[in-house]
Each structure stands twice: as structure tokens, then as C-alpha cells.
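Each chain gets a letter, A, B, C, D, E, F and G, in the order it is written, and its residues are counted from 1.
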Amino acid sequence: MARAFKKFLPMFDRVLVERFAPELKTKGGIMIPEKAQGKILEATVVAIGNGARIQSGEVVPVSVKVGDKVLLPEYGGTKVTLEEKEYFLFRDGDILGKFES
Amino acid sequence: MARAFKKFLPMFDRVLVERFAPELKTKGGIMIPEKAQGKILEATVVAIGNGARIQSGEVVPVSVKVGDKVLLPEYGGTKVTLEEKEYFLFRDGDILGKFES
Amino acid sequence: MARAFKKFLPMFDRVLVERFAPELKTKGGIMIPEKAQGKILEATVVAIGNGARIQSGEVVPVSVKVGDKVLLPEYGGTKVTLEEKEYFLFRDGDILGKFES
Amino acid sequence: MARAFKKFLPMFDRVLVERFAPELKTKGGIMIPEKAQGKILEATVVAIGNGARIQSGEVVPVSVKVGDKVLLPEYGGTKVTLEEKEYFLFRDGDILGKFES
Amino acid sequence: MARAFKKFLPMFDRVLVERFAPELKTKGGIMIPEKAQGKILEATVVAIGNGARIQSGEVVPVSVKVGDKVLLPEYGGTKVTLEEKEYFLFRDGDILGKFES
Amino acid sequence: MARAFKKFLPMFDRVLVERFAPELKTKGGIMIPEKAQGKILEATVVAIGNGARIQSGEVVPVSVKVGDKVLLPEYGGTKVTLEEKEYFLFRDGDILGKFES
Amino acid sequence: MARAFKKFLPMFDRVLVERFAPELKTKGGIMIPEKAQGKILEATVVAIGNGARIQSGEVVPVSVKVGDKVLLPEYGGTKVTLEEKEYFLFRDGDILGKFES
């Protein structure tokens, strides 16, 4: 997997994330059917762009780093398939927040 | 609850708020059915972002602080669920005002 | 009422106004039914924000002050209920004009 | 009438105008029915705002002055009733031109 | 006609033009019925504004002068009637080009 | 034809082009019916404007010159008829590319 | 093919790409019918523009170079046919990312 992230560089302020795996069981241990598994909004940053240029001409670095756990908006983002695995590209400014460890 | 706010950092000019609990009884002590409970627009700020960058390149800090009591607009905001509790993210500029104590 | 205005601070360039009471009688003394009472567009400013930041980074103070009598646009504004009384929030730039005394 | 204009100050780049009275007779002296009287687009400026702030932070004064005869666009403007008389507010930039005497 | 142009001053970057008269006959001398006369897009500039202020605060003069023969876009422009004659106002930037003599 | 180009000056960043003549025969020499002749996207620049003013106040010259062979977008552009010949006006920024010889 | 790229220069921040050839067989060697061949989003950069001018007046070079392997968005881009071969033009900012070798 590390290989994939070394090989793909998002452009500008784009951030490549991998969504967390869905929870397959309830806390009580009961299997959750796929339809009842909500959309996963937590994700791990796996690659970041070099930042976008703002109107002043300055390039602003993205505000997350590889490995950050982030909260995604419910809509938006672009699905990309790299080495048969599903990732998502979000603009840095569309990421809602990050979870500190 | 404090733990949740330590762990989630909203991005840019986003503000995480927790709405006040709905009033369950009238002043006269009569139970208010859930349907008759209006949308709660008062909320407490529980986490704030580091501010958004404006066109001049400057990062503008958000104008509310954790603990502030604020008035929310009737529409807008993004519901986020953190540790099974419901919060809302609003852009700093969409918050209508704050209540001074 | 003064207490309410001390306690609520509009954000940025928002202005809290209280509309004038509707006229209940004609000049000739005849009662005006509620339906025939036009929308009240005159209002008194009861609280103002600290001003909005423009693109140059500068914060521009609002152009009305508490106590000003203003003319509101027919549409727009946000109704807010503070201490069971109805007020309206308008952006400074949406207020049409003020009445000098 | 002068009293009204002393008392109402349009905000920012707004201009208060009074439309010319409609022509009630043809040049030949025949009465023109109200329906056939076209929309009056000529108006007299009766009050002006202090100007609007542009992005550079500078306040730009309006480009007409009280007493100017102006040509209004066919659509737009906000009707305001001051002391039971009908006026119109236009943004300075929406006024098409002025008539020099 | 000169009198009309002296008396009306377009505002900002507006340009007052008079469309060329439609061609009433073919080159072969046959009358062209009114319906078959195409929309006249050639016009003469009869009055110009003082220019529009751009974001930097600078006032940019219009790029045509009185007497210029210009090509108008097929749509847009505002018809104005001055002294019972029909003119059109266009923004300087909407004029497609000018014919050099 | 040269006369036409000397006489018409496009405004600002507009570029006057003449589309290439459609190919009337296949390489094998078979006539192509008019309906099957695709839209011609290659064109020759025949006149250019003096450039458009950007927000900084600077006038940016157009990036093509008279005689350049260019690729046009499939949609857009304004048809203009000069001396009974058909040309098209495009904004400099809408031209897709140029062919180097 | 090299000849084509020498001859066509995209304008501004446009990037000319050639999509990868579709995979015609599965890894197991089975032919993939054309309908089942997904849209090819990987492409090779074959020509780049000189960059776009931003509001500050500065020209920003494109961020990919000829030969780069890039990931395209699923929608957008302009198909261009050069010497009977199909290419696509994308704005530099619309390219999702590049693959490092």
C-alpha cells in the first residue's frame, strides 16, 4: 500500500484519502447488513498535493499531512482507483476537521 | 465530553457547536410534545478551527471561542456525529451572533 | 429591553433591528384591520456587530449605530426571537437608508 | 418636500430619485389615458449616499448630486414611500446617464 | 442632433450609439421589405461616459470616442429614447470592434 | 481581403478569425456532401484587439498574432459579417491552441 | 507522433494529453468487450501551454511536463483531433494528480 502512495501525487490542494473500513458488527457482536452500514466519513490521509496558489500568487500548503485521521463531508470528493483499491480525492478546504490522537 | 473536543479539530473557519437541549416543559410545567419543540438555534461552541486564509494571504482567526453561547441560522451547518453524540459545524461567518454573559 | 441588547452581540456586519409598531388606526381614527396593516419597513437599531473584514484584510465598522432609525428592504433579513420578542438581523449593506432627526 | 430629503440619508452608493410627472396631454393637447402613459424614466436626484467602499478599502463617492436630472433603467430600483410620497432608490452604478442643462 | 449629444452624458463605461439606417434597397435597386432588413449592428458613437472604476480604484476611460463607427453585439444594450429618437447604450466592454477609416 | 482586416479592429482581447475552407473531397477523391463536412475548428487569425485590462490595471496583449493558425473551441465565438464574408470573433482566452509551422 | 506535438501549442494553462490504450484482455487473458472497457482516466502529457496569468499579473507555468503520466477527472476536457488521432485538452488545474515513476 505504501507503494501506491509513493507513486501518486495529487495536484495542488488535493488530498488523497482512504476511508476507514465499515464496522461489520454492532458493539453487541451482531453482524450489520451492508445496507445498514452508514457512509464512512472518517478517513486516513494517504497523499497530499503541494498546495494551491492563491490570488496573491503565494502557494498555500495543504493543512493536513499523510497519516492524519480526518472527517469528510457527506457529499463531494472524487473516487479514484489506484492498484485496484478505492481512494478519494478531496480539496483541502472541503475536509471538515481532523482527529487528534 | 471534554475528551471529544480535545480530539476533534475543525478545519479553517469551521466552528463545532452543540445545540442547547430542547425545552421539554412549558413555563407552566406542561410537557411539550417533540413535534412542538421548535428547532434549537442556541448552541455552545465546543471547538474552533485555526481560521481561514483570505485573499491577501492572511489567516483570519475565528471570532468565537470555546464556551461561547451563539445564535445559529435556521438553515445550514453540517451535522457531525462524534462519539455517538450530535454536533454541528458552521462557518464562522454564518453564526448570527453571540450571547454575552 | 435594554438588557436584551446588552446581552446579544451580532456577528460581523450584522445589525439587529426592532421594527416600529404597526399603526393601528388611520389618521381619522378608524381602526386598521391587521391584514390591511402594511409591512413595517422602519426600524430602530438595537445592536450592531463589530464590522466585516474586506478583502484587503481591513475590518470595516458598520455604518449605523444603536438608536438609529433605518429603512429596511421589503425582503430579506433574519427573524430572531430574543426573550420572546421579535427582532430582525440585517447585513449593514442591505439597510436602505437612515432617517436623520 | 425639502424637509423629506433633509431627513432621509440613503446608505452607501444608493441614490434617492423622484420620477418626473407623467405627461398628461399630447403635444397637440389631447389627454393621454393613464394606461398609455409610458413608464417615466427621467428623474431628479433628491438624496445621495456617502458612497460605497470598494475592494481596495477606498470609499467611492456617488457620481450624481442632488438636483441632477438622470435617466433610469427600465427595471430595477426600490420604491420607497416617504411622507406619503413615492421615491425610488437606485444604486449609483445602475443610473444610465445624466442630462446636462 | 448635436444638441442631443451635448445634453446627455452616459454614466461610467456606458457608450451611447446610434445604429446605421437600414438598407432599403438591394445593390440591384430592389426595395427590401422591412422584415427582410437584418438587425443593424453597425453604429456611430454619439456620447461616452467618463469610464468605470476598476478594483484597483483606478478609473479606466472608455476605449471608443464620439464619431467612431463600431460593431455591436447582436444581443444586449439598452434602448433609450432622447428627443424622440432611438439610441442604444452599451457597456464599453460589450462593443465588438471598431471600423477604421 | 487584406483591406477588410486593415479596416476592422477588434476590441480588447477579441480575436477575429477566418475558418479554413471545408474539405470538399475525401483523400480518395470522393465528394463529401455538405452535411458530412464536420465543423471547421481550424482558423487563421486576421485581426487582434489591443488586449484586455486585468484587475491589477495592466493591459495584457493577446497571445496570438495576425496570420497564426489556431484551433477553435467547438462552441462559442460570435459570427460577424464584414464585406459579405463570414468571420468569427473569439476571446483570446477561448482559443485552444495554435499550430506552429 | 512527435511531429504532432511539436506542431500544436496549447494556449495558457491548457495541457494536451493522450489517454492510455484500453486494456483489451483481463489478467487471465480473456478478451474484454469494448462496452466493458471502462473510461480510461490515465493519460500521457504530450504538450503544455505557457501558463495562465493570475490576477496579480504573474504568469504561472503549468505544473506538469511533457511525458508525465497523469490521472484525469471523469468528466470535462475537450477532445481535439490532430492528424487523425484523438487527444484531449485539460486545464492544468483540472488534472487530479500525476504518477511518479
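Here, contacts are C-beta pairs under 8 Å (C-beta built on N, C-alpha and C of every residue); 3 or more make two chains touch, one makes a residue touch a chain.
Just so you know, these numbers come straight off a predicted model, no measurement behind them.
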### Query
For the homomeric pair chain F and chain G, should the interface be classed as same or different, according to whether the shared residue numbers exceed half of all numbers used?
different
### Message
So the centre of each chain is just the mean of its C-alpha atoms; given that, what is the distance between chain E and chain G in Å?
### Response
44
### Message
Could you work out how far the Cα centre of chain C sits from that of chain F, in whole Å?
### Response
55
### Message
Multi-chain contacts only, two chains or more: what residues does chain C have there?
### Response
55-56
#### Entry: Category of the chain touch graph - line, ring, star, complete, other
ring
### Query
Residues of chain D touching chain C in their complex?
6-12, 14, 16, 47, 49-50, 53, 55-57, 78, 80, 89
### Query
Within the complex, which stretch of chain D touches chain E?
41, 54-56, 58, 60, 63, 71, 73-74, 93, 95-101
